[in-house]
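Labels for the chains are A, B and C, by order of writing; each one numbers its residues from 1.
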Amino acid sequence: MSIFDIWLGILQGLDVTATVTGYGLLFAVPFALIFGVAQYLAKGAVLFAVTCIIEFWRSSAVIILLFVFYYALPVVGLMLSAVTVSAMVLGLNIGGYASQAVRAGLQSLDRGQKEAGQALGLSRSMILLLIELPQALVAMSPTFVNHFIQLVKATALVSLVTLTDMTFRAKEIAQIEYNPVGIYTSLLLAYFVVCYPIAILGRLLEARISSGRELARGL
Amino acid sequence: MREQSPDMATEISGLNKWYGSFHVLKDIDLTVAAGSRIVICGPSGSGKSTLIRCINGLETYQGGSIALGGVKLGDNAKETTLARRDTGMVFQSFNLFPHLTVLSNCTLALRRVLKMSRRQAEDIALHYLEKVRIPEQAKKYPAQLSGGQQQRVAIARALCLSPRLMLFDEPTSALDPEMIKEVLDVMVSLASEGMTMLCVTHEMGFAREVADQVIFMDQGRIVEQARPDIFFGAPSHARAQQFLEKILH
Amino acid sequence: MGFDLSFALSTVPTILGAIGTTLLVALISCLGAAGIGFGFEMLRRSGGLSGYAVRFLIDFIRATPVLAWLYFLYFVLPFYGIRLGALTVGILGLSVYFSGYLAEVFKAGIDAIPKGQSEASRAVGLSRIDTIIFIIAPQMLRNIAAPLGNYFVSILKATPYLAVLAVPEMLGQAFDIASDTYRYAEPLTVAGILFLLLALAISQAVKRVETRLLGSNRR
């Protein structure tokens, strides 16, 4: 088996990696938005409950969460496919981290922004949707890109619950061919080829946002 | 322009506010008649900003009442929101929305609160941007404007909702000296058109020229309330005298 | 087959017994990552060809999953005749992976020191070495204390990855029990709960140490 064959073999797992990432986003994005905003707005018992849920997802080790949900849910009668469980666990874990960026982005806005909205007679939800969230999300977009990369990388875990992603393919190939250097170097490179362009995109975003900030400060 | 009639007056009576144990506003009684122009001055911490922030509901208060054109403010959120639409607020730090163009800053409330069409809202916004002499900047973002220009946009944004009462919270104190005049000029022409105005400012030249009453606040109380010629000529309270001496020299 | 609570409770002592290994792995890996990361940052600052090489290596590490690194080291090192235990390989893997992140922490920590500090130090007659030891290093340590603490928690949360190399940390112990008893849900759930409690406790402790360290001498 040539290095080229190894590469092709690993890339056959790219669709599973992409699928889990995509479904993961379906969990991560709503969770981050809803819980980040809730932590920003809520008070008292609701705030405590919201914080507990966020902390559960982001303070646990994602690999343990994956196994717990994969093995424990069927025991309590909940049968979910490996893809669903993986997307949910990986997505909510990253969503937990991203919710903190949403909250921090909202909290770091100048208080005057909310007040100006109130003075114009906008309702609280309009102020959130039209004034606070757009600014917070743009300011935090480089952080979201980093979280997205973490999500793509975390999908390597699904190889442990029988899904045939790139990592799983590499291990399969390793069983029929003794070429650890070629196989595992190719595996690292495969993730690099996927994630590095995203990282570059994140850097461009960050440069644009900070130059915008300097413009605002300079005038 | 909306018609101004006496029942549009703003009535503040027995207003009291605490921050924890700190008594910020003490028994404030004030009537702002339609068409009147009142300047509030006083040392920092005297409660003057807090007072006008109470009028449009940005601050809550614990005693007394505020009524805008007969509508009592405060108890329920819906009425507070309605009352806010009747007042325009201009902040010290402009508080323009940086992610929106100048034009969108002005049309936002027209479209979202008053549900106007884009055309209609933009016509109104451009009208007021002309009034503050800045229509050519409509497509720019706030960060591309000077401080004086930003504050004029903020005034236009507030005017778009045709408020009965304009509140100014130290509108020129965050500005470089060379930009203060362009903002004051806009305020002077607003006053000459009969806008009801309540201004917290230390621009005593403006007060002399425009105000029909000057209020001096100290330690949460209205200490002196007088016509500007009397206030600047012979203030009756020692504190007001000291304050004027400091600020005029 | 439901969830057997008494069986779950019986696994607690065994899994709890692995906390020592978990903490030890986290601590050594953190030191290793800090050491390699600091070395990376010094090389990057020195510029030249090695500077560029290190820059690429850091980007590469940050774009690849920790699991792929563990497999890479575990299977590739023996190929070159380097035989290390699973524990050592695991610690090495976490150290390499997190060094890419800690290099950035050191970079930010050094960049944040005003240039005038070293100039002023030289102006009062301190030598270059003294400037580093007495002026730059203390300020850098203060700047990196908080992010370093956060990365210690991140490394802690990555320690269960070593279970795939059969290292007997908490998740590894849980899998040992599972493969002996053919019951997965209970030991994994216990590992999940205990690990979450550990992670929460450690991150609280880190926060407390931070405020004590930074509270007193922050400007």
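FYI, a residue touches a chain if its C-beta (ideal position, glycine included) is under 8 Å from a C-beta of that chain, and two chains touch if they have at least 3 such contacts.
These are the chains along with the protein names UniProt gives them: A, C = Amino acid ABC transporter permease.
No experiment lies behind these values; they were computed from the predicted model shown.
Of all the chains, the one whose CA centre sits at the greatest distance from that of chain B is C.
Nearest to the common centre of all protein CA atoms is the CA centroid of chain A. Looking at contact counts per chain pair, the maximum sits at A-C. Centroids built from CA atoms put chain C at 20 Å from chain A.
The distance from the centre of chain A to the centre of chain B, each centre being the mean of the chain's C-alpha atoms, comes to 45 Å.
For this pair, chain B with chain C, the centres built from the Cα atoms lie 55 Å apart. Contacts from chain A toward chain B in the complex involve residues 110, 112-113, 115-116, 118-123, 126, 130-131, 134-135, 138, 212, 215-216, 219.
Contacts from chain C toward chain A in the complex involve residues 1-3, 59-60, 62-69, 71-72, 75-76, 78-79, 157-161, 163-164, 170-171, 178, 184-185, 188-189, 191-192, 195-196, 199-200, 203.
On chain A, the positions that touch chain C within their shared complex are 55-56, 59-65, 67-68, 71-72, 74-76, 149, 153-157, 159-160, 167, 170-171, 174, 180-181, 183-185, 187-188, 191-192, 194-196, 199. Across the complex, chain B meets chain A through its residues 56-58, 81-82, 84-85, 87-89, 91, 93-99, 108-109, 112-113, 142-147, 154, 157-158, 161.
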